[in-house]
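In the two complexes that follow, subunit A is the common piece, with subunit B as its partner first and subunit C second.
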Partner chain A sequence: MVRYLRDQIDPRWAWAPYEPDSERPWDLRLAGHVYRRAGFGATYQELQEALRAGPKATIDKLLQGGDGQEAFDRECQTMAEAIQAQADDLPLRAWWLYVMLYTPHPLREKMTLFWHNHFATSQAKVLNVAYMLRQNQLLRQHALGRFGPLLQAISKDPAMLIWLDTVESKKGKPNENYARELMELFSLGIGHYTEADIRQAARAFTGWEIKQDRFFFNRTQHDATSKTVFGQSGPLIGEDVVRLCLQQTACASFLARKLFRYFISETLAPDADLIEPLAKAFRDSNYDVKLVVETMLRSNLFFSDHAYRARVKSPTEFGVGLVRSLNGKVGTIGLAQAMENLGQKLFFPPSVKGWDGGTQWLHSTTLLQRQNLAQAITSTEDQRFGRRCDPAQLIKQQRVPEQDDAAVVQFFVDLFLQNDLPEEARQRLTLYRRESAKHRYPPFWTEEDVREHRLRTLAYLVISQPEYQLD
Partner chain B sequence: MIHRRAFLRNAISTSGLVAWGCTAPRFLQQTAAATPWLGEAGTKDTLLVVVQLTGGNDGLNTVIPFKDPLYAQYRPTLKLPTAPLPKLNDQLAVHSSLKSLADLYEQQAVCVVQGVGYPNPSQSHFRSMDIWQAGSLADTLTEGWIGKAMAKIPKAQGFHLAASNEAAPLALAGAPAKVPSLTSLSEFQVRTFAGSAQDRMQQKRIIEGAAEMSQAKTPALLDFVKQTAVSTYQSSQRLQEIAKSYQPKVPYPASGLAERLKLAAQLIDADMGARVFYVTIDGFDTHANQLDLHANLLQEVADAIAAFYKDLAARGHGHRLLIMTFSEFGRRAKENGSKGTDHGSAAPMFLVGGRVKPGVAGEHPRLDRLEDGNLVHHTDFRQVYAAVLEQWLGVASKDVLGGTFKPAAILA
Partner chain C sequence: MLPRSRCWAMALLLCFSLASVRGQEPAAPPSIWHWLPEQPVLVAQLKEPAQLIQWAIELGQWPELQGFRSYREFLVSTPWRRFQQFIGHVEKELGQSWSDLLQPASREGIVFALEVKINNADPKPEDEPRPETPPKALLIVPFKDAGQAKQVARLLEEMGHFELERQNSKTKYEYQQHRGATIVHLGDQFAFAAAESYLLLANQPSVLQAALDRRAQPRQQTPKFLQALSELSPAADQGNRLAWTWIDLEQIKRDKNLKTLLTIPNNDPIPYYVLGGLLDTVRRSPWALFELRRQDMDVRFQVAMPAGQQDMNPGLRAAFAPAIADLGIRKPLNLPGLFYQQSFYLDLHALVARQADYLSESVRKEFQEFDKNSGYVLFGQRFSKIVSHLGARHLFVAAQQRQMGYEVHPKTVLPSFGLILELKDPDAFDRAMQPILRSVGLLSSLNIKMTMVEEKVGAVPMVGYRMVDNEELRQRDQGLYFNFSPCFARVGRHYVLSSTMELGRDLIQHLSHETDASDPSDGTSVHHVFSWAALGKYLESIRSLLVTQTILQEGLDREEAEKQFDLSQKLLERLGSVEASVQYGATHFRFELRSRLSR
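Right, the complex of A and B next:
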């Protein structure tokens, strides 16, 4: 699905800040786009506020996060303490979805998810809820910080030490697993290191252990002899290898590419010229993640057709976004279970490469599971989600004139698809809205029952449009 | 009085589960029996089932040169005691967990290809897996060898039987119609809201219609979503019908891989015309404490494949069936210090079926001639693919593999 550009994009234009004009006015469509990428989608109120505030102020707010972060973090910490005592990982997965749904700082959560996919560690092998939780908090702490300290910290993170067998690596018997993935997946990418670099680097991580649930450097198991990595020789220790990785020019462009795919497009393979300004910003700023994310979010390219709907929603984006758009307050245990069927069980990435994402998210079964989850949530009849994600309530709250079929359709199309749907599809939905008034309903339903049922069905049909699968 | 909510719940859980597909697509109506056996390209009714061992299977502890003193020397803690190993001949044995495959070997239904790999092997899981799945060493790999082969077979259909957290494999990309991924038949259906038959029909039309609607300028990604949706909705109804009736001829073990292969057997027996099936089993990246882990994985593989083969053979499909296993690489000849093994290169493949050339193909890679500590391949994996393509699927291998590879002698 990767589309190679024939017409080169001018990098200066691409990364310059977007200013609305008559060709690309600031509208619902772009407001929805910003909220999907920098967060997990918008509520109706957020969309309206964004329209009033304009792109700059909207992005300012998303970069900073909203009010009440400290209180929210304290609340989450209290819950986390209860979770980590349990052996079951389901509460942990539900906890993270809760954070995503209700956080005042969605971009921080979005980046935490990015790093979870980047440093993909699975509970399937770690088998320690407390370690997985701690890693998640580490990723959140550094989510929009500097990549250097994050890479150093993750190398010593207990879940990671188990996941890639660093704890098994002893003097004279190095285990290559961590050294390889550090270079291949965490910092440089294939082609920017040699097999010899890996074998030598592996020796630098010997003696890295866990003691009393903390990183512990065991001198007696550490190979203190000289190693040569990227042409640098000496009695290197693990931190030196991480530092050497950060010094490679490939590191900044590797990260920039990955962020490009996350925030801009999964279908556009950016050439070196387009990536270089981002990579340079990384290098010049000592790997300031927030700076590069901000550059991308404000850019012309971000607001262009190259980026618009150029990603497939991940299951998490789909599920969390759906609940958010309905102002839903749901318990997240059921949502966490549903995520598994959609193909993204958080804390259980399929491999250290993480989820491939893009078109890989969608196949027959996962598509059906997405539709079925949307049906379950909008129906208000599913015990997992209850009545608190109710499209009918929303219509009432927003005082949409229900007798006006076109207005009702328009409201849901605005809410879920930000008014971006082909005319023909809109007509079919309006026709269904009209027809559904004439359908037979069980005689014991009240008028109110029928009214709500018709609204919920319509909401589901709007969500089932193919456009909704795209981010 | 029936409460409205009870009515709804009831309706949704039973008749409310509307299966899709007003017209079954051509491939679903076509039966294997209707496909003539002409013995030439593209007209066969042979079945290919690929079993992917994800993570890098330790070939040296799978097919074991038990007489070679270097084996014991390289594997001080991981060497397997010789006595209980099922022997293939006087030099070679297989892991004791592979007992059920060894039994099929006795029955002339197994070909073991040794020393399979490719030049300048990559020791990245992901790069090497892409290479194997694409059947190519090109820098950028976007299509799979099976997907490309399917483009050459008229009306080709296949299924990916997926685990719940598993994406569609690159191997199947490039097929003319998107290959459906199934995790179970019972969940392969879309719900509509409860309502009258007419209401449901209208809901269905809107959902299906949205996928089928064509626009003048559909962006590539939206087009992809629509294609996936069309193929999904169309397959669903027929699959619901076959779900009810299957009784295996032999018991399948209780494992994920066995469940997925049983689903494949069900689809094969339903004569839906699909010829290619793809399943995976993960967990072979045994860097530490490998002995038990590896034994359990091989047990799952062997027992699932044996049950699947026997089930289909009992239904008269044995001669149509070819099961092929592969992994992205083998592992380092010498064990590491963690009672495990690091990434390696050459490794064996298994072919199971009624018409394989039974026995061992090729020598075991020499343990005294390692390259960077790894076993050296003598058979390119594309030679195995070439045999499967040319002699089994009836497809010119050059078109798929982008070059000429001498087919390995694996089929009778």
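Right, the complex of A and C next:
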């Protein structure tokens, strides 16, 4: 469902910083919203800290990332060096999930995931784990940096050179794939270039090859004659074409719309008036991604009903978010395998357009798989995930009075849904909590078994609420 | 996830299949075999369940194992805890501890039998699809006495009732009386009954009825599987028999697909090339026996069939089975760093020359065509001519690279591989192979930059190829090529091929000083030796990768993953070695897998 709200949202109001007031107080609901969008969800402790700190400090923290980033990056680099020699892509996928789960800078990882979908490149064609890993590191390096250097770097990235056939592009036989996607999907969007621009630009990318696993400019295969792209003529090379794309007015608007969909809403189709202030800030700042993301995260619009739960969680956001919220630890090999069943195999986007996202994530099969994953993680009975994501332990750690059914339900609703659940659903959960005490359990179960089982099942039921599927 | 009801059923089955009671030895115990059908396709006996459990417990107490986080996590995992609680509940209900229940089932063990209707008819197109006949499975668990058997059956019934009610299942237990026993069953899916001092479990109530009928009128002749057991079971000094399975191959071979596979001469040569004489053995054997034995901490798994070199297809015998008392296969080498060796008998010349014995004419013609054309790629030499110079006793080895041959070390260190070929006519083979191997080396050099190196190892000239150490090759596939420096050499009546010159030198030196390579043959055709400890040393060279995989697999931090790796090294040392052999005896076939744990 797309809501056209041309006359309803005032851009000045929309992008002005949010200040809590009686109508929109800073509460658990909004704290959870920030952590979901700017990261992969929050632990109970993080939510409580965010409540105390307020929106500004919470967003500051998310923009900067937490302590220990350097050490964490070093550790991830050591692991990356070990796995890149492997032909198997499973460790690579597990490695990225590991980074997402344990990074002190979740927003940087969230943006890396954004760029992975924006510059969607698939190992299915590249068939080189080291190249895919290097591209991922490139995306992370520029995740919150400037878009220009990222676009230049990705154009020379070995995985991208293979993915969009640039390596096949020779003088006299230019391949148009990269030039087309550069304009259509990476920088401008349909309607802002001509077929002639693509044909001419493709010649500029001839002779772009890979040698010794690095970008190599092969002059003998490069078409050095004059080309005309966006009305500019000369012996243009690939870098020139990228620069010309960045000079187009449409570039900032195109990127701002994509970021809007990622951070604000999948259901709201913003008109030009709403996007323009964001695009202008992007343009004026020489494509400073962090600035645009910060503007959005601090905005009135972000904290409004237009944005709240206006996205469907991707499988990665669902799986990583679940483990993070439980403050748990899992082996990410098992998680990577499970994620595949949910419809998102990292490093394997279905096409150059990336994953469609939105409601496409949810259908009868993937929804069932989400439930299965939630049960596998929370039940502690699945050997893949072990016992280190145990809702029963969390209750103990947080000293929630277990004899108080309402308090137990409230804890899980706070943790997973930030206290935002229809009253009817809450009542059903409370009823389950009460009735489950009367259920018949196997005679060899101890009281503790029953107690823990009831807590784990309740946690699973809360995660199974439709609201939990929303970001 | 399995439905809870199935978990329950599996847990119950597991429990009861492991349960056996120290019985008071009756004066004339009724034989457990009388419960069994006349013509089972499979019979299995868990002879010493208590020993098996005890052994598993001993293994579980190894400190090397207990240090593993994943193992410790398993011990406190919810499913394992629940299983232990379940056992505790059964103990409480039956009034006996598990150790009492799991005393050696010295009397009769736990027995399982399966009847399957083999479909051996070719359905005509106009035939109506025939209803499938489900297999009939029967499990017999002996108990101390009739009272205890009834007690167990009652407990099983109560627990089943409870679980069905708990799940609000519409399925209810049904009851039948047959020959004085009460058969309790869930429709046509699962049935059990206590009869005499036994608990009988089956997948259909009719299976139990038939078993009770047979018990009432026991047959006199010794069942085939018991004859097999006494005929082929190794002597008692080879350890205690823990479990065995007997399979009636005569019944299985009626299956039309298998018939096609086992027909000689055959249209498909691949199974013979892959499995050697095994298919011929199966073709001639009426049954096969699988056994698990234990001697101290060593475990031995064996497959035996009553068909040996006598009556073996002559072509296959010549190719795969060394004649008894003739020279046997090569003994394993004693070289440092070797973690796997395969000594094998393969007379390629006989395999080619005697194709008429086992392959159909059309396949032989195809081979002749291939052989005629092989000269184009083998530099004028026909394949059949080259193999005619080969002997039959060869050895393949895999080793840790103890010395890297290059300054640059690849990111992933691969093992070295070597092959020692026995030669019938060394001069002729060398004349044929030198131009082939040198040309392959030269052609490969065009793709990957290599230089030819000729050196002498003692008095033996060795030809090798080394990668050129340049930036391009260093970058290519993370330096993977620096795992190789292929080489070859002729050493007396042997030819050595190796993936690295370092291993090549070791093999040449060993062969130069070798005196007695083989013992007289007992028909052993293949002998594998695998050393866990040596593998551990190889794994040390890819430590970084394995530690990373542990971090990703188990969600550990680096320090803990490093500890896990060190523990796994100790565990590998403890695991000792595994040996496997294939023997074509005079009248029998035997495959044996033996695990020798370090003391």
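Convention: the second predicted complex is superposed on the first by the 469 of 471 C-alpha atoms of A that agree within 3 Å, B and C clash if a C-alpha of one lies under 4 Å from a C-alpha of the other, contacts with A are read in each partner's own complex, and residues count from 1 in each chain.
Criterion: a residue touches a chain if its C-beta (ideal position, glycine included) is under 8 Å from a C-beta of that chain, and two chains touch if they have at least 3 such contacts.
Bear in mind that the values here come from a model prediction, so they are computed numbers and not experimental data.
Once chain A of one complex is fitted onto chain A of the other, the partner contacts of A:Glu81 are limited to subunit C, with no touch recorded for subunit B. Within the superposed three-chain model, A:Gln375 lies in touch with subunit B and with subunit C [touch as defined at top]. Once chain A of one complex is fitted onto chain A of the other, the partner contacts of A:Pro442 extend to both subunit B and subunit C. By the touch criterion stated above, A:Trp95 is placed in contact with subunit C alone, subunit B being left untouched.
When the two complexes are overlaid on their common chain A, residue A:Gln152 makes contact with neither subunit B nor subunit C. Of the two partners subunit B and subunit C, more residues of subunit A are touched by B. Once the two complexes are overlaid on the shared chain, A:Gln141 sits clear of subunit B and of subunit C alike.
In the superposed pair of complexes, A:Thr43 makes contact with neither subunit B nor subunit C.
Contacts of A:Thr332 after superposition on the shared chain: subunit C is touched, whereas subunit B is not. Residues 372, 375-376, 379, 381, 439-442, 444-445, 449 of subunit A lie at the contact with subunit B in one complex and at the contact with subunit C in the other.
For subunit A in complex with subunit B, the touching residues are 1-3, 164-165, 168-170, 172-177, 180, 184-185, 190, 195, 266-267, 309-312, 340-341, 343-345, 348, 350-353, 355-356, 359-369, 371-372, 375-376, 379, 381, 422, 424-425, 428-429, 432, 435-436, 439-442, 444-445, 449, 453, 456-457, 460-461, 464-467, 469-470.
Chain contact summary for the complex, subunit A toward subunit C: residues 75, 78-79, 81-86, 91, 94-95, 98, 130, 211-214, 329-334, 372, 375-376, 379-383, 386-388, 439-446, 449.
By the touch rule above, subunit C contacts subunit A in their complex via residues 1, 8, 73-74, 76-79, 81-82, 85-86, 88-89, 159, 162-163, 165-166, 410-412, 471-472, 475-476, 478, 480, 544-545, 547-549, 551-555, 558. Here subunit B touches subunit A in the complex through residues 1-2, 4-5, 7-9, 12, 54-55, 122-127, 142, 160, 162, 164-168, 178, 180-183, 187-193, 195-196, 198-199, 202-203, 205-207, 209-211, 213, 215, 219-222, 224-226, 228-229, 231-232, 235-236, 282, 285, 287-289, 336-338, 340, 342-343, 372, going by the rule given at the top.
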